[in-house]
Amino acid sequence: MVNPIYIIAVLLGIGFILPLTEKKLSKLGPWVFYAGMIFTALVSYQWFRFFIVSGGETYHIFTAGVKPPLSINLQIGLFESVLLFVTNLTGLAGAVYMTKQISETGVRAMVLLLLLLLGLNGLILTRDIFNLFVFMEITAISTYSLIGMDVKSRSLSAGFKYMTAGGLASAFLLLGIIIVYSLTGTLNLDGMIRSAEGIKNVKLLSIGSMMILFSFIIEAKQFPANGWALDVYEGTKPGVAGLISGIGTTAVFFGFYKIMPLFTNETLKIVMWAGLITFFFSNLMGMKQENVKRMLGYSSVAQTGLVISVSAWSFMLGNDKLIFPMIVLPLLFNHFFTKTGLFWIAGLVKKDTTGLWGSITENKILHGIFIILILALSGFPPFPGFWGKWNLVLAMSLDSNFFYIWVLLAGSLFEAAYLLKWAGITLKKDKSKDILEYNSYKMLALQIVVLIFFAVTVYYFMTGNFDHTNGGLHFYLPFALGTGLLLLPFIPEKLKGMISMSVIAVYAFYFLPDQNGIGRFFNAMFLSGGFFLTFATLNRKDRSRSFYPLLMLMLGSLIALVNSDNILHFFFSWEIMTLSSYFLIHRGKGSAEESFRYVMFSLAGAFLMLLGFAYSFPNLNGQMSFGIFAVPGQFTSLSFILISIGFLVKSAALGLHLWIAGSYAKAEDDTSAFLSALLSKAGIFGFVMLLLAMGAPSAGKFDLAYILSWIGALTALIGTMMAIYEEDAKRLLAYSSMGQVGYIILGLAIMSGLGWTAALFQMVNHFLIKGILFLAIAGVIYRTGTSEMYKMGGLIKKMPWSFTAVMFGIIAISGVPPLTGFGAKWLMYEALIEKGWYLQTGMAFFASTVAFLYCFRLIHAIFLGQPKTEFRNVKEAPAWFLIPQYVFIMAIFFFSIFPRVLIDRISAAVEPFFGKSLTWDGNTVISSLGYWNATAVMTIVGVVFVVLAIGLFIKLPKVQKVKQFNIVFAAERPETPELTHFAYEFFRPYRRAMGWMVRPYATRFWRSVTESAYTVSDALRKIYTGNGQTYIFHILLVLVILFYISTGVK
Amino acid sequence: MEEMIERIKLKFNAKDINRQKATLVFFSVEKKDLEACVLYMKEFEGYSNLTMISATDWIETGTFGLTYHLHNYKNRTDVGIKTYIDRKNPSMVSINTLWAGARVFERELKEMFGIDFPGCPRVDDPFALEGWDNLPPMRKDFDTVKYSEETYFPRPGRSTKDNVTQMEEKLYAVEAEVKKGIAKTVRKNK
Amino acid sequence: MTMIGEENKNEKKNFDTELFCDAVPKEVPRINGIIQKFYDWAQANSLWILAFGTGCGSIEMRPLYTARYDISRFGMAPRPTPRQSNLFIISGYASVKTLKRIVRSYEQMQNPKFVMGLGSCTVNGGMYWDSYNTINRLDHYIPVDTYVAGCMPRPEALIAGFEDLKKRIKEGRAEGANEYAKNFEWYKANQKKVIKDWDMPDYNW
Amino acid sequence: MENFWTTLLYAFISMFIIFNYGMVLGGVVYKIIARVHGRFGPPVWQPYINLVKVMGVRTAISHGIMFWLGPVFRFTGGIGLFLFMPVLFGVPWMQNFSFSGDLLLVIYFIFFGQLGMALGAAESGHPYSPMGIMRGLSQVTASEVPFALAVIALAAQHGTLSITEIVAAQQGGIANWNIVTNPVATLAGMMAFLGMMMHAPFNLHIAPQEIPIGPPTEYQSNFLSYMQANRAFFASAKLILFMNLFFGGATNIPVLVGKTFSLYMITVFIGVVNPRFTLENSIRWFIRIPTVTGIIAVLIYTF
Amino acid sequence: MNIIFLIGFALMITGFWGMLTQKNMIKIILGLAIVETGVQLIMVAFGFIEGRTAPILDSAVPVKKAVEMIVDPVPQALVLTAIVIGVAVNALALTFIIKMYQKKKSLNITEYRDLKW
């Protein structure tokens, strides 16, 4: 084992030797420099390996051969070694990144880098407070110089602002050190902490620690004393900014962390809230930011704030040993690698404005890294940030600190907003070309960092708090499939699709029979739907490598969601599902805005769900199983409401439906089928789980299930109402989907056996129908190239198969006997009337009749009426689309004739929870109110229909087939098909009569919410005027505030 | 009214002043002055309404007579501005920019008389006749009887039974004789 | 030198076979026997008039539906679409422009279809006999079953005409549709002689 | 279903009866309307003549397969609606196939014919057809609301959705009829009935003056004959439905005729003296008074 | 001794005042230097013990009695380090100012506001 003191020695030594021997060894200089870097990295790796693999004891190094307080001592333990290793490796990568700069500026840059690294190593290692100060100053001076090294006005002024701030910080650190020293009589941290407890002059001690705290708050760039830091991030070269943001912040944080035990709980509380406030406000201000580096700066500041806040809280709890690796380290690593990586990527791109990053896609690897880092930074699984936040939220809930969670999640949402917006821009190709400044050294450095990050991610994923009580394989397999496909970019796309299909088939074959209960329905639905809808995607011509992996991830996450055993599984799958569906939607043309809206709504919903989990989590003393919902707790109804909102967002319930039309419409045509047929059921599954686990609690006087029923009924009605006014076929179907899912929610809210049977029946029905309709429309759009319905018309002659499919689809969806839709309606009304919810029944009935309007419009405007001249030569939709449609139609017919097959199974699944609600007499299903014999209905209708059709067929053997303009047109001839086809604004009179129902209240509300958020963001960031003196004022203001708080607390 | 006529005389050299009623006057101007005159009447004399444009085929003099009927809403008076254009190559300046309604009249005149109004939108489109390929039917040299007999399969044995003739010959023969006698006497006395 | 536009105009077909069916009508023979009699009786007692006022005479048709004359007694009723009507009353003078619409509407009616010429104008042009754009003899353009002369005929005359028509129908003599199909080319030639801008197929199904 | 052939035979008998009843009813209505106008009116058997005439038309045109199937859908809807309903209470041979489903089936089956007809008519490519369908469908959505609420109120009142049981509960004199026991629901139901029968003032969908006759503009010959025959079934079936729901059903044919005839007369008289509503007016009307009545009917049973 | 504290604090306040009010960057750095001086003074004052001598081992202070005779040496060592570091920082800052002046020909801090928000 190499003593870590040699790290310092070697770095310092090389730092001194290099300038001295600049002339003689000019060739050798860089080699020595890199050798030194590699040496430090190796040494720290050795220690890292020692602690991780061998689990060694914490090791103290005493300088000058004496123990403290007489000497300075260093300490290297597990955490130190980890941080040391990461820091040195990243430092090395940074050196690689700046190779060009180094070769230009020669020895100066090397020295500065070495000194910076030296300072950071020292900060991590030292246990002496004054030594800490010295290392901090070394770090600071080398940083100043690095900032100023590229001699530009911007960086110089930023550096100057930094210096004034740093100078003040160091002054107060000294003051604090001397006060604490005067009280404790030692400079050794451990000694100080030990003796701090017995000190009588508490006030002076608190002032002293306040001074130290203050200087660290400045150094760690806490709000609002951080204007200079943002300027530094913006003004510096990205290489340096990455180092400052990554390793610089980490080391300063660790220094802060070491001092934290010195503080009293009151002081820690201040730190905790100050950090959280920093997190919240920095992210809020970041939303309005368009400069890449400054935006990363805001994010960096925010993340540091969070890490500091959590550390302070861990010391307050006295649980720091556990919390540090579980929460602080993942958060820190997440921040460290992503920020370093992103800053370095920014160094590879010439443009500074986020809006101009469109053509970063030119370099696939770089773009991939970029997206991964953005996702990690936004806190998506499986990256460390997710684990950190997850653990943090749950731990906070155990501490009953719910307000903290609210603020934390709000801040996270803001952060995700600006990061995902940025990522969204890069996912769209734009005209700006040649924005990359490719440099292989920079790429190499980036790849090193990302590789370490992957390793960290894998580590946290493996040690993540999964509780695999049963069927871990069920859970992992889907993700493995998606990721596997992602890692196989060289396979042809068709093959990928086939692999996906076969894997789904195999999965269904092996796992489906083992399952039981309600989950089996969902799984069967997701698997069969996934299989057949994937079949339709094989038609694709455009080759994008990410489609099938994303699709498989989405399907996989749906399946995993159903198979999840605990809230972590559930949330993990949920996030992956949101993410993969976001990217899938984003692939469509012109979908940037819509997919962004989708992901923001989804994320907000997911965060509320997480909050709901947090409110219930303490119920079983920290167990993560779904059992927590069954135990009555203090916050049961609140938890129910919050989780419900999460599910309602996914189900596009009224008020939360803004995303649905746009994202369904703008997604690629075959993807929309997945979204509507499968993805919309995720929220339903959530409700199923929630209602099973929790029942339907009541909040005060209100029965929540009753409220839910109204939400469902209103969603059904308004969704349907909105559908009828749409000109775009896919938007129409999207709103239709919203309305149908509203029915399902209504059915679930009934909380009776019949209601659940109805809901699940309706769900299966909706899945089949929307599969048919979206695929049929996809086929039509594929051939005609438009989704505006009024532009089509008369396609029945060209696409009879698609027409037939749509016809069966609309008959089924509108609930007309004899197809399955009626079964769903029948069960639904029986259940509702049985429950006594008459008004909801009326509303549901109204919605179902209104559904006729859009059904007719869909089929009329596209397939009937006047064919357009431009579509004279369109062909039938490809068989890839038709085959799945007809499979679904056969399923519909089967369930229409023998609904018992389905209803029996649903009843069996529901019975354990609600008891028996339906009886059978032959093929007649009998409820408490009525009866229905689907087989008889089908037979009678079929026989009558066939007899009459034959009758007409016999009677009219010599019918003249005529063409489209052979119509009675008031004795005129139609001029053009366009003007003869009545399809545009089809239901205008209806809108005049009933339009008041669909005024965009929700749109206005959410628009004002987002606008005010952006306005606040813009107003807040104006405090950073760019004037160095303002920043000094901020710093002193923080000092005064801190002083008042710390003395006022007493 | 009289002042207006004086002004017109002065400005446009109006001739053939024909005061039909206190509120209706006709006069004629040169073809080149017509647009200016109409504009003047519209803008300065308050004749804001174009009632119609009529045409007469003066086959004897080889001209088409165009009459622009204008109405003044303020003092409820009408004027008819006449102008004569050459029948050989009938062309007239379009006033559709002054009154959009003039387009209809000009289109009709184009179809019925063959008078061209260059610049008038859709002036060449058929107005009332579809696919007419003969001489413009309202011209005096167009023989409508001949055309009808050639084209429309006249039913043989057609006879005209004019009501007046019928009454005079069959129903009230005596009275008719008396009437004729009176008329004769009156003519003689004259 | 011809302009490009004119060239195209000459080449342009006056109708698009993709948009219009260009089949010609066929004669549908009567089925001899009691069934045909039955059908004839039904036709005669259920005359649905195409509600299409082609000329000034249509104003004389309004009183028919009123309480004073009430043709619903005979099972007659106005019908707004030629597809479902079987009696076409040409109510007065027919200009060339109207004739085109008359032909179109007539052809859109289904086979047992009857035409009644109302007023002198349909017989021989009436007072418009020398007009440059009013046809003289309707029966040169579509087969006419009954003429009701007069200028204008009173509703009583119309009812008498209906009685006459019903008699013809019951006797099986009102076969205008078949006649039209039989002499299709003659009728078309006559029609095309006067209708200069023929922009439709020969038979408007 | 004990004896399939008997059931089938009975169904045919009842279909025959109801077809003739529907035809004559139509003729009588024409007569009555004419009498109100002060006219003599067509003979009562005029619908038969019309039907024969339409069937005797020698040529026909078709716009396509869906155009062809539209009337078939329509007629199936009419016959099916009738077949799914018990006609006479307690008379075994007039129960049709009412074992197939309850009131909900009947209500929803009304749409079967309408939807199929809409598809067929729309294929003709005539702009008036979809216009008429749009008007008809829009109005149906509005008029179904009070009807649904009335039905819900009945279901709540009787605790069943079976028509037979609802009728059974109303037996034993006029005091047991739903019009007496549940007047609010009956009021809402009857107001919806006006819209469902599609007589004036709610016949905008065929408005001859603007959109000739709406959906069936292009239909002729035997297509039309199906639609005419269907009218007999469809109208009588709807009348029977309302009679069963609100007016105690019928136990023998004279009662059936009396009740349905009187019911029909309500719409006829209202239609004869009222002008036509515009679509907006009619929808607004249904959404206001009848719907509020229906909500009151339902609220009575909620609390 | 309190006097020294007071002077130290007074110096710090003066420094703050300078940093907050002066637009000239050199003056701001001077203000920072004054703050640092004040801090150093306070540090020395903390280490001072009444009636003792400087912690220099020479003839006046024998090694064996040194512990009783001298003031606390640690603050003085700290101050030395702090002075060195402060000087370094100030020097660096001044070089920055020179470079900035070369770019924009202005020492007014409000002129350097191109990075903001």
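Going in written order, the chains are labelled A, B, C, D and E, and every chain counts its residues from 1.
As a working rule, a contact is a pair of C-beta atoms (placed from the backbone, for glycine too) under 8 Å apart; a residue touches a chain by one contact, two chains touch by 3 or more.
Note that this is a predicted model, so its numbers are computed, not measured.
Number of steps on the shortest path from chain B to chain D, with steps defined by chain touch: 2. Steps from chain A to chain C, taking the shortest chain of touch contacts, total 1. Removing chain E from consideration leaves the other chains joined as one piece by touching. Centrality by C-alpha centroid: the chain sitting nearest the overall protein C-alpha mean is A.
The interface with the largest number of contacting C-beta pairs joins chains A-D. Comparing the CA-atom centres of all chains against that of chain C, the greatest distance is found for E.
Comparing the CA-atom centres of all chains against that of chain B, the greatest distance is found for E.
Chain A and chain D, compared by their mean Cα positions, are separated by 54 Å.
Work out the mean CA point of chain A and of chain B, and you get 81 Å between them.
If you average the CA atoms of chain C and of chain E, the two centres end up 114 Å from each other.
Between the CA-based centres of chain B and chain E the separation comes to 110 Å, rounded to the whole angstrom.
With touch defined as above, residues shared between interfaces to two or more other chains in chain D number as follows: 55, 59-61, 212, 217-218, 221. Contact with two or more other chains is made by residues 81, 83, 205 of chain C. Interface note: chains touch in the pairs A-C, A-D, A-E, B-C, C-D.
Residues of chain A touching chain C in their complex: 869, 872, 960-966, 968, 971-973, 977. Across the complex, chain D is touched by residues 25, 28, 38-39, 42-43, 45-46, 51, 66-67, 70, 72-75, 77-81, 83-84, 86, 110-112, 177, 205 of chain C.
The touching residues of chain B, counted against chain C in their complex, run 126, 128-133, 137, 142, 144-145, 147-149, 151-155, 158. For chain C in complex with chain B, the touching residues are 96-97, 100, 123-125, 129-137, 140, 190, 193-198.
Interface of chain D with chain C (complex): residues 30, 34, 37-43, 46, 49-50, 52-61, 208, 212-213, 216-221, 224.
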